[in-house]
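Working notes for the structure below.
Order of writing sets the labels: A, B, C, D, E and F. Residues in every chain begin at 1.
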Amino acid sequence: MTRFFTGLMRLRRGPWEMLATIIIAIGVFMLMQPFVIWAFTYSFVVTLTGTVMFIIVSHFPE
Amino acid sequence: MAQIVIKNLKKQFGDFMAVRESSFTIEDGEFFMLLGPSGCGKTTTLRMIAGLELPTSGEIYLDGEEISQRPPSERDIAFVFQMFALYPHMNVRRNISYPLVSQGMPKTAVQAKVAEVAGILGIEDILDRPVGGLSGGDRQRVALGRAIVREPKAFMMDEPLGALDAEFREHMAEELRALHDRMGATTVYVTHDQLEAMQMGDKIVVMNNAVVEQFGTPQEIYDKPATMFVADFIGSPSMNFLKFHGKLAGGASEVSVHDVRCAVPTSREPFEGDMAFGVRPEHIELSDAADFRAEVLATEYLGTTQIVTLRTAGGDIKARIPSHQVARTGETVGLNFKASTVTLFDRQSGRALKSELNEGVLHG
Amino acid sequence: MSSFSVNEPSVRTKWFAGTLVILYAIITMIPLVWIAMTGFKSPADAISYPPKYIIGSDSDAGFQPTLEGYVNLFTTRTRQTQDYLEANPPESWADEIVRKYDMVIVGPSKFGERFLNSVIIGFGSTFLSVFLGTLAAYAFSRFKIPLADDLLFFILSTRMMPPIAVAIPIFLMFRNLGLSDTHLGMILLYTAVNISLAVWLLKSFIDGIPTEYEEAALIDGYTRFQAFYKVVLPQAATGIASTAIFCLIFAWNEYAFAVLLTTANAQTAPPFIPTIIGIGGLDWPAIAAGVTLFLLPVMVFTILLRKHLLRGITFGAVRK
Amino acid sequence: MSDKTLDRVASATPPPVARKIRGLSDRAIAWIFVAPTIFLLLAINIFPLIWTIRLSFTNYKANRIGREVKEIGFRNYERILTDSDIWLNMQATAHFLIWTIFFQVLIGFALAWLINKKFKGNDLWTTIIVLPMMLSPAVVGNFWKFLYQPQIGLFNYIIAFFTGKEPSSFQMLGEVNLAPWSIVIVDTWMWTPFVMLICLAGLRSIPDYIYEAAEIDRASKLRQFFTITIPMVLPFLMLAVLFRGIENFKMFDLVVQLTGGGPGSTTELTSINLKREAFEKWRTGYASAYAIILFVTVFGLASIYVKALNKVKER
Amino acid sequence: MAEVQLNGISKAFGATRAVHDISMTIGDGDFVVLLGPTGAGKTTTLRLISGLETLDSGSVFIGGRDVVNDTPAQRDVAMVFQQYSLYPHLTVRDNLAFPLRSPILKTPEDEITRKVQKIAEVLQIPHKLDNKATALSGGEMQRVSIGRALVRNPSIYLMDEPLSSLDAKLRADLRVELKRIQADLGSTLLYVTHDQIEAMTMATHIGVLEEGRLVQYGTPKEIYENPVSVYVASRLGLPRINILPSTLFPGAHKGPQIGLRPEHIQQGDGTEARVLRSEHLGDQTRLHLEVQGHPLTTLTDPNQQVAVGATIKINLQNPLYFDASGARIV
Amino acid sequence: MSYSKLATVSAIALAATGVASTAQAEDLTLCWAAWDPANALVELSKEFEAQSGHTMNFEFVPWPNFADRMLNELNSGGKLCDLLIGDSQWIGGGAENGHYVKLNDFFDNEGISMDDFAPATVYAYSTWPKGTPNYYALPAMGDANGWFYRKDWFGREDIQAAYKEATGQDLREPQSQTEMLQIAQFFQGREIDGKTVYGAAIFTERGSEGITMGVTSALYPWGFKYENTPGQYDMEGAVNSPEAVEALEFYKTFYETATPPGYTNSYMGESLDAFKSGQVAMAMNWFAFFPGLYADPVTGGDKIDFFVNPPQNIAASTLGGQGISVVSYSDKQDAALEYIKWFSDPGVQAKWWELGGYSAHNAVLQDPGFVDSQPFAGDFLLAMDGVLDFWQEPAYAELLLAMQKRVHDFVVADQGTAQEALDKLIEDWTEVFEDEGKL
């Protein structure tokens, strides 16, 4: 876990990609969940954030 | 720690005979080599001892207990695979603790044991690394760690150095042998590299075509080969065979090779027919005075020694001579053979003829 | 005593596994067999209850095979008056079949045309995507291309796009360029979709060809381009062939673009087959006949392709 | 070999000829080879994508040529993302997605595991099992519609045969509570082989010696399954799940042919809904915004997919 | 055949310097072996000469002509790769003819037939000419690869560990054969290997590479007997040279480190050493000794039995001296 | 077929030679739906080919895809069709988006008078804006939604008795919607000749326009209106009037209690299937299919009879049918116009009726022999007197799809109430009209 955070601090690709992946997953979940409509409403923003983040962090060094 | 006895072990895959009626004994604490070219049945033999294959027939005794039909998990042996067989999805620590966890050892005991083994192998610092990124040597150490952590009765090693590059292999071989000397565990080791076998082994079994060709200490096997195969397989350059047809009386100590009389160890077995005069390269001397003539084909410089390729009436042979001695390509020279080391072979069967030299080694 | 290895499943396990897998395979095949069978039924047999599943028997479950479905698939027919029917005897066996319903064949149906469109567009786009794909894959495999990883990801992601989402602007663009409902338009479109698979797949094949071969050719006095086509292409031939079949199967099966961007000229078979109308409602035997004819080539290709299947569906990442 | 032969070989080789042959530089070839592909993708994927983004901020309607086009900012996005009907479509899509993946993984993995037992003839049966996934989804949807016909359809007949129910007493495609399952069944029939193939690749990527090592390490078969088989197949399974997820998220042809979104809107998956907005209602601007939302989602999933792909590739 | 001259050639891949400022001359008719462990820059040097890699700096002259801007095809070199140099889609005959059909040579077909036939005879594979390349055994394949180089008459032959994928016996045979072919043709040959036996037995000159630099260049004898550094000394000789602090041994020393080849240690009297282990290799017996905690290997006569744990006395013969950094002190 | 008719046909054929073209021979393509009348048109057009020298090609698209395909074609400015027989609702879009050629000048020049055609058809198929003398099509195929039933079953004494017993009434062609439901419910699940049969097949299709066409067949007789004031788009209180709610509930009851199982997505084809396979006592469908049904060897002839959509509060039928238009993207408009000129000829129209097409020409409809010419001819005239049509707005597709969704969700998917469905429909429609700038 600490490795994960130090990775984030040092702009390492692995942990950041993991973070972006989680954000995308949350976005997709929000889009399709049947519980609250506000989550659906904001899902797009979340997924977009995650995706853009993924594109950026995939250029960080390993 | 244990003694392993193999009796009439046989393994057949369909029509293919992988191992034919092998018998030998591995003494407690021995570093034991199974040596042979690929496909000779050495790995199958090892796998049968480990329980990864069940023999078609024959017995295996581990510490006096017949185990040939038991699954590996009931044999209490460890195995080091050629490709290391580390679990790629686990880190070093989990790899090493896997056999302990499988046995249901409590967590704290596992921790302590792993730490101890890591200390022995000097891999404490990589315990939490995934195995994927390790160097060959470290992988090798982890594989060893996983084997020794359980304190099994015996270790099986299937060409454990085969996947390492040449330079590192030498170093690792020494480390492995040192580890063995420290732990004194019975180890069965498979290799196709004769140098490795000679270097590390206490005893060697040479196998070829599913058959045990010879069984003995390294020096014995080198000096007193039982068959032409063994003579050829061991040593680099390998033993020279001067082919000739002749007659040998029992008790004779001389044989006529292409009309040149050559001294040999006193024969214990009369023979007539196609023979081979087997002599190691370092037992050949270049001497202008000698009767046995040969033409120098090539020389190869090797530092203090050189290898000279010679053409004789009995075929091309190689001699190892000091590098300061001059041998020019194209020249004709005379050869002397060191009589006490010569082995004569029956070329038909490849069998060594019994003599004063090898009578203690050859059976039957 | 039997031979035994730790990893070799026991005979009993094998027998058990085999039975289950064969059972599943049979269940899988039932719909396909049923459709093939339906193609040879008369419309009445096709919708009878209980279903008829025995060929040529008189029992309740039997049906007489007929080519009615295939005739209906390939022809357009019209109802005629009794006078006309009497005046014009049937001209062919096919004519004979439709006479049962007081109909005459007035011409071929669109099926042949649509099928031909499928073939033209399929082969056209396959050729183009494999051709361009081979070049690009070679470049990606052998040369340092700036941002190569991003380009490759971009190329792959184009195949992941929902076709409907892409169809809107494509529709507008094609309308402006006059490419709507043309073979060229569809070929370009399918090429664009297929090229990602082609590049990824061929790259994996070309990656598998050691560079030493080309280097040897370079040293032997050939130019880079000559080395490419004299040394790399022949060795990539199987890869190219299986890539081509994958592209062909995609173009062959594609539905969304076809239904949205074509109406008549360049429409392929998938949007057409469900719309085959007989007398009254849907003509199930004709549809089944069309489905059978349409699926047959793909099945043959699948069998030919089985060794490369995995590579194709994982963009070359997994070798089998 | 004789020295003379060698001499002749050497002397017969002519002196090197003119050094004119040069050809294109590697750099030039790289660009010439890549350019057409990039150009095609730019023209048919990227340019339209940018166009879609632009349109998504307008009220453009493609069927109304003379109509004035107005910039309306994020209005389209707002409307879509607050529309409870579209939310329902997303949920229908989620239902489809979750259950198809669940069944396909379950059955696909089980099949792969069985096939990996290397029984005689497993190749042949594997090929047969694989057939459905190579077929045209639209055509598959079409003929399954036939199989699902109450009364005359084979599916109902078989179910009736085994349960004793009247075949016409249930309608797979017509009943609100059955229709979502009917598409799940067909998709599972069609795509289980896909998951199976990938799992099989995963299983076959586990070298035998790993199991031998585990055997030596005295792990039971069950432990081997959970600590070796499952974790080692997992990246492959991930790949299969993501790919099926992406494919089913944009599912169109199969379901259009099967249910057309009905009954009511119970099986109206997002792409069907999008198709209605874009090509039936012709609300191009609105549909563009919708498309962008789907696209971003798929693109996000695709990023993860490629990550998984690379992981598998490392094996 | 021609002389090849390298003037300060360098090549870096990213941050790693593969080849650094190498200058050497490969004389016409020389058999030069580049020796070094994996990653020393041997192969890169070869590829720089062939033109498969472009130089970062320096220049390459082949037959007196600067070839830096030439394509591999224009450089008139022939190369044998470690593996994979036969085209699997062609027959042996077409493989051998491939260089002759290149746009640079454009040899007439009848001449190609003649030459291919001849080279096949030289390589003793005329009966295999019409086999697919993939149908050959490993040894035959490597023979054909060498043949592919031999059909031409280039300025220099470049060989990149051509024997490393073969087994020991075959390697020994081909070693002799290759050496003889080279001598017969009088060709210039640059050969890369990490195998010291190959280097010692075949080379007229050895170039020892260390991390991209050429550290010593000379005849095998020179390199063996007069290494310039510990690194070079450890490259040749089996078992490897022992490097020990000179303080272990009595007497005046020229440097802090002493290099003792195992065969240069004499037993009898002198420093005391404990026997750790003896390895019986047949023609020789290796003794692993320990001198005040420092391991040391020496050779002894196979017939002599030495007990483990015994103490023997050793003295030095022709020791080499090195400074703290490893450089030779003469 | 009567001999007198045959005579007329040939006379017309002679007269029509005057149309023969002065222009070069063209390849004309006519687009329409793929159904029985289309085949009749192919037959009919052979005469045109012979006279004009033009060649006629046909692109017939199956009904489920017809609107999609053709609107797609028009919207992409395709040149596939020179002539299009397009659905009545398309006329608004066709006119406003310039897909169709305006025909007023052509009619004036050629002396074609819209007064020669039945007013309802001219209103519905030709004019835009509605009712103004701006013509974009010539009425080609009159059509409305009607019903047909198993005359043989209705005539059986045992069944009549059973009906009497069950309802206390006589079994007859239904005179109202509710009676029709009663009859249908009577047949539902009944065993006839050892086979379970059902009440009636109605339209429930979701994908194109099916359920809307079915539902309006109930809505209109109850007095459903789109707007309180025509042209004002004031739908509140009209679309969701109590009558409309009642009618929608009626349709749902009909669907749930009197239709065969599995008919959850049925339109023309399924309705025909259900009837022809002997599953239903009654079925709803377009008049266009009636000739084919009558000719059916199994269920046609004596076994079938037809009736117009029964009235409830008022008499009304859902309009089908199409006008023929010239596509403005065509390069061969002159030749296409020639075809229309030829087609408008009363003689051709008579033959059109005879071959199975529904002429809208007064010369045919008002022919004294017309009513008896076919068993459904009288019903057709009756139906065409009271036809009502869906929105013909340019935004018709959006309006239709909204209705498809709301109605299907309620009727078939059983979601919400009728009131809610119609309220939501108004919301949807309001949004559309707002987008259109009409509200």
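The definition used in the following text is that a residue touches a chain if its C-beta (ideal position, glycine included) is under 8 Å from a C-beta of that chain, and two chains touch if they have at least 3 such contacts.
None of these values were measured; they are calculated from a predicted model.
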item	value
Chains touching both subunit C and subunit F	D
Pair of chains joined by more contacts [C-beta pairs], B-E or A-D	B-E
Identifier of the chain whose CA centre is least distant from the whole-structure CA centre	D
Centroid distance [mean C-alpha coordinates] between subunit F and subunit D, Å	41
Distance from the mean Cα position of subunit E to that of subunit D, given in whole angstrom	53
Between subunit B and subunit C, centroid-to-centroid distance (C-alpha), Å	58
For subunit C paired with subunit E, centre-to-centre distance based on mean C-alpha positions, whole Å	56
Contacts with two or more other chains, residues of subunit E listed in rising order	71, 73, 103-105, 152
Of all residues in subunit C, the ones touching two or more other chains	6, 47, 171, 175, 221, 223, 226, 259-260, 271
Per-residue overlap in subunit A, given as positions that touch at least 2 other chains	58
Contact footprint of subunit E on subunit C as seen in their complex	210, 212-213, 215-223, 226, 231, 234-235, 237
Subunit B residues touching subunit E - in the complex, by the definition given at the top	165-167, 177, 181, 195, 198-200, 217-219, 222-223, 234-238, 280-282, 297-298, 300-304, 307, 309, 320
Residues on subunit F engaged by subunit C in the complex (per definition of touch)	1, 34-36, 39-40, 42-43, 59, 61-65, 68-70, 72-73, 75-78, 80, 268-270, 272-273, 276-277, 292, 295, 297, 356
Subunit D residues touching subunit B - in the complex, by the definition given at the top	207, 209-210, 212-220, 223, 227-228, 231-232, 234, 314
Subunit A-facing residues of subunit D, complex	77, 81-82, 84, 87, 90-91, 93-94, 97, 293, 296-297, 299-301, 303-304, 307
